[in-house]
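Below: a set of structures, written as structure tokens.
You will see two complexes here that share chain A, one where it goes with chain B and one where it goes with chain C.
What follows is the complex of A and B.
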């Protein structure tokens, strides 16, 4: 038998899912087998960015042999959404983006469904459309949602009915007008980021079965099986207990599989063909335009500092292009509002963050959740301010970055973190002092220029105040352990980390722990969603509590059996030991069957099941006018990145040589998995600096495929990615741990931009950093 | 649409199958043989998740028709381990934590396997070149490249 790992927290235990994934036996949603009764769905999508639906004729589609049903918006009366319930199940009277689903066709094969979908005749009356978020926010802009005032909305989201503004977050601290005259340097500029897409390798797929009894099952590739149960149950009028969501491994999420996107269509179609499962899978083109995208942003930002380099004031307006429906996106914009300064202490702040409806694909959660977008401008301005007052940009950041105990922009006291340590580590890793003068390394060719840049970040889990996690810890006869959670394995390593936590807290070897999968809302304990980099922290706390509960039951039982004080007992490597009497009791002989009384006169104990939960109870709402409140968020994770690159002045191409990252994760439960996130995130962040989803003047997508929308390949990855872990414990994290999954890509794009400036002396306010744009700027 | 009877060797086992003219090799593997380890990421030959070996050469199985596989040898991710023993490459991918979501992993393994068969001691640029058609959004590639190097040191695919 292989070696066993005691006390696995902090160790590089192997991933629990690796064997399945390298042998092709790991099951993803599209791999599930449903037999010959399976039907397939296809969606009929709007060709117009904004139009009224005058009529829909489904008769020709229904005549195609093999077609079982065609459903349209007329079949459904409700809307769906997480924070703002603004999305009809199918477009009813109006379409709001190119790709808005107007009908669903169910047939015995995907080909037949596709053929019939072409025969659904929809008559539209085109309306003026709006694509720019600043234009869309103006009073005379074409209105996307005239009924905005009637939509159900979370009590911390503030839409402005009669406009396209679905959320406006205000941050007011100090007085910027008093501060500006005291500034020795001020930089004010406008920054633009395009829409980008998550591009998980696995496209969205869902299979729904609506049984005649009213029981509904949804198999789905999802970060949010429980949130899907909740939202789909409410929207489709299914009692929660009758809707079961089963979610196998997720082939990449990055936020795109959070909440509900296309899954509700599968359920809606299944209702029309009761007793038959209906599979709906997105083509790669649909993945780009018909699931969700990262919102585009226009940021007007002004920041000033004094002659010593102390930041004094910031004024910013963020206009996010929320797309046609902002049911999830509104909270991204709120997060961008209450974190609008980036990771800096600034005494005077005026921030306005707007989510604006535009006739474009649905903007929703993507890794970083608003932070990559706002850091793009902030981190370039910080470099410019440092230059204006003659300070090194890393030193400028050390001076101004948030520190433990600072009263940050919302009035909240900053929990313990060490961002300065992160800056120190990344500057060391790229030989920061070589960025100027004679120390500068020679470029690899005469027509290339070398440069180094830095950027820092912060991000809080952005969520409602009370998202809960729960966990169960059960034993098998041989004392191996099943950990049951509702959190999802997306590749980030959640299952491995919870297995480590359970083993450590119980006192059993890591190899004894199994994580029950797939997540199944009928059997798995509740979990809000696998988002917000919250699983190691929140689910981790719940698993630790469940393991400790099981441990308490075991120790109480053995103590009673031995007539000892439980305080003298411990569990080591699966054996209960007494430090007092030195007796031993293997778990395998007691965790199911209990223990016999003396002379076998009856028994005590029984199957051990530990349960645990975690929910933050301390987050407060913020003042509507000022964004002030005692506790805006649970905590922040902070980090720094430095980039070393070369720019080819003949082609404008950028080659990233090295990315150095350091993040304060509180405690690395599995250090190598933290480094794996850091590395993968650095390349994701680098790739995002060169990506853009493009649309023509009528809102039609121009590049929804992997040839015209390129993501980083093995050839593009930097030669070197350096990772450092800083560990300043989080007060309420398991062993002090906080999340890091999203943070690892937040500031990569501005770090690259700052390095490009260091190389060629040119700044770029707008993403993407295309070779063409860089080349033209050099002419 | 015609139905064709073909004979194809998949992971060493000879199969006789009736396949429609327009069925892709990917559909044949997944829907006819239940070999779901090979993934469909784009149906357009752009992502590499469906890569399999046909007569030893890596192929995007979404771009090849099943009938074209008639009389040929196909190897999928399910065929890399033998008698429950993982290949050196599979071991190295685990050792380097070079897998995250795992959706690109089967295709990645196949492309790397083909490389090591062709060039047992590949240089880093050769590895990057060989994997350029296999997209991965999670890992950042470096650990995969290192895993291929480790497998090469341990004696190949």
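What follows is the complex of A and C.
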């Protein structure tokens, strides 16, 4: 038998799902079998960016043999959304982006459904469309949601009815007007980021079954089975208890499978063919426009510092292009607002963050949740300020970055972190001192130029104040353990970390722990969503609590059995031991059957089940006018990246030689998994720097496919990805742990831009950093 | 607007003789498409660009998947030889390394397991990565019809984007490359948006060898991809190198001429202006590295 791992927290235990995934036996949603009764759905999508629907004729589609139903917006009098309920189930009276679903066709095969979908005739009256978020925020812009004032909205989101502004977050601290004259250097500029897409390996897929009894089951590739249950139940008028969401492994999410996107269409179509499961799956092309994208951003930012390099003031306006529906996106914009300074202590701040409706695909959660967007400009301005006052950019960051105990922009006291240590580690890893003068290494060819850049970041989990996690710990007869959670395994290693935490807290070997999957809202304990880099921390706390509950029960039972004080007992490697009497009791059998009294005169105990929950209770609302409040967020994770690269001056091509990352994760429950995030994040960050989803002047996507949307491949990955882990414990994290899943790509694009500047002396305010753009700038 | 979830339905016929192919082409006209690797055909069918009723699989015809080399007659590559087959064939590697290099630059390894030389040429994409190599190696295409076989020089084969000199009811059986001079050098350089798997934004192939009958003492042939409606030879640039002795100066001048020969378009991959500039940059670079070998 393989060796057993005691006390696995902090160790590089192998992933619990490694064997399944390497051998291809892991089950994903599209692998599930539904028998001959399975139907398929296809969606009819708007060809226009903005238009009124005059009529929909479904008669020809219904005549196609094999077609079972066609549903349209007329069949649903309801909307759906997480923070702002603004999205109709199918477009009813108007379409708001190219790709907006207007009808769903259900048929016995996907091919028939597709043929019939092409026969649905929709008459449109085109309306003026708006694509730029700054233009869309103007009073005379074409209005996308005339009914905005009637939409249900979370109490911390503030839409402005009569405009396209779905959220406006205000941050006011100190007095910028007083501060500007005291600045020795000021940089003011406009930065733009385009839309990008998550490009998960597994496209979205959902299967819905609406039984004649009213029971509804949804099988889906989802980061949010419970949020989907809640939102779809509310929207479709299904009692929560009648809606069951089952979610097997997810083949990559990156935020794109958070909340509800296309899943509601599967449920809506299933309602029309009760008793038959309906499968809806996105093609790769649909994935780009039919699910969600990262919002585009236009940022006007002004930052100033004194001659010693102390930041004094910042004024910024963030205009996020939220797309056609902002049901999730509004909270990204809020997060960008309350974190608008980036990881810096700045005494005077005026920030306005706007989410603006535009006639483009739906902007929603994506790894970083607003942070990559705002760091793109901030981190370039910091370099420029440092240059203006003649300070090394790393030193400038050490001086100004947030530190433990700082009263940050919202008035919250910064929990313990060590960003300076992160800066020290990444600068060391890239031989930072070689970036200037004679020490500079020679480029690999005469037409190439070498450069190094740095960028730092922060990010808080952006959530409602009270997202909960829960967990159960149960035993098998042989004392192996089943941990039940509602958190999802997206590839990030959540199940592995959860198993480590349970084993450590219980006192059993890691190899004894199994995590129950798939997530099933009928049987799994509640989990808000697998988002916000919150699982290690929040679910981790719940699992730890559940394991400790089970452990308490076991120790109480054995203590009673031995007539000892539970305080003298411990569980080591699955055996209860007494430090006093040195007795031993294996967990095997007793965790199910209990322990017999003397001479078998009755029994005590019974099956052990541990319960645990976690919910932050301390987050407060922020003042509407100033964004001030005692506790804006649960905590921040911080980190630094340094990039070493070469620019080919004859072609504009960039070769990233090395990305060094360091993050303060509080405690690395599994250091290998942290490093895996760092590696994946570096490559993902490169994709976000070099590629964009492009649209023509009528809002039609130009590259919604992998032919022309080029993500970085293994061949493009930096030759070296260096990772360092800093561990400043988080007060309420399990063993001090905080999340790091998203943070690893937040500042990659500005770190690359700063390195390019170091190499060729040219700044780029707009992403993507295409070779063409760099070449043209050099001419 | 977007690609279908899967291929639309069609009839599949596996042809066993060249005559059967010709008969099916005559019978179905535009409704029939020939299948080799399918890496372009199926993509276009899924995209809804074409919708053939019948797909004729020609890769099992005699000779379609064979590679033959002869010192006197040169290399004959069956039209359905895959890119990976071509790239790792010992005699191709030894005698026509430029062709192996070009084949190896197409798409990704997985795609190269199916994509064929004949398909790449017949598809007649301006971006076809093997076309510049076949152009500078002065390849000839063996076409089969009811009238028998004829050969067309590669330089006459491409007539427009997706258009070739192939007549109706004609199909490509093989590509022939003449034997090469004892001393020669060639290189293909392609510019993509990332390192592997992209379509070329610009592709430049150069093939050169010493030749006493030419004023400069060397023949340089330059083929370009992705910068005009068809893959093309940069004749004026070649002329410069036939009359000027090889070196940085003549390479720069030739690169300038190659750029002038390019008539690219703006598209989502790159602007015409960038493509033109890249023709110049890549041509100069390829000429330099080919000369390093010859010198």
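Definition applied: the second predicted complex is superposed on the first by the 779 of 779 C-alpha atoms of A that agree within 3 Å, B and C clash if a C-alpha of one lies under 4 Å from a C-alpha of the other, contacts with A are read in each partner's own complex, and residues count from 1 in each chain.
One rule holds for everything that comes next: contacts are C-beta pairs under 8 Å (C-beta built on N, C-alpha and C of every residue); 3 or more make two chains touch, one makes a residue touch a chain.
Here the structure is a predicted model, which is why all the values come from computation and not from measurement.
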Chain B versus chain C as contact partner of A:694, first or second or both or neither: second
Touched partner set for A:775, first chain B, second chain C, both or neither: second
First (chain B), second (chain C), both or neither touched by A:589: neither
Which of chain B and chain C A:211 touches, first, second, both or neither: neither
Which superposed partner A:703 touches (first chain B, second chain C, both, neither): second
Touched partner set for A:676, first chain B, second chain C, both or neither: first
Partner chain in contact with A:42 - chain B first, chain C second, else both or neither: second
Partner touching more residues of chain A, whether chain B or chain C: B
First (chain B), second (chain C), both or neither touched by A:27: first
Which superposed partner A:433 touches (first chain B, second chain C, both, neither): neither
Chain A positions touched by chain B in one structure and by chain C in the second: 283, 705, 707, 712-713, 715
Of all residues in chain A, those that touch chain C in their complex: 42, 45, 47, 98-99, 110-111, 114-115, 281, 283, 285-286, 289, 650-651, 653, 690-691, 694, 700, 702-705, 707-708, 710, 712-713, 715-716, 770-772, 775-776, 779
Chain A-touching residues of chain C, taken from the complex the two chains share: 1-6, 8-9, 191, 193-199, 268-271, 273-274, 277-278, 281-282, 285
Complex contact set, residues of chain B against chain A: 30, 34-44, 46-47, 49, 76-78, 80-81, 86, 90, 93-94, 97, 99-106, 109, 127-129, 131-145
Complex contact set, residues of chain A against chain B: 12, 14-15, 17-28, 30-31, 33, 198-203, 249-254, 283-284, 490-493, 672-673, 676, 679-684, 705-707, 711-715, 717-718, 720-721
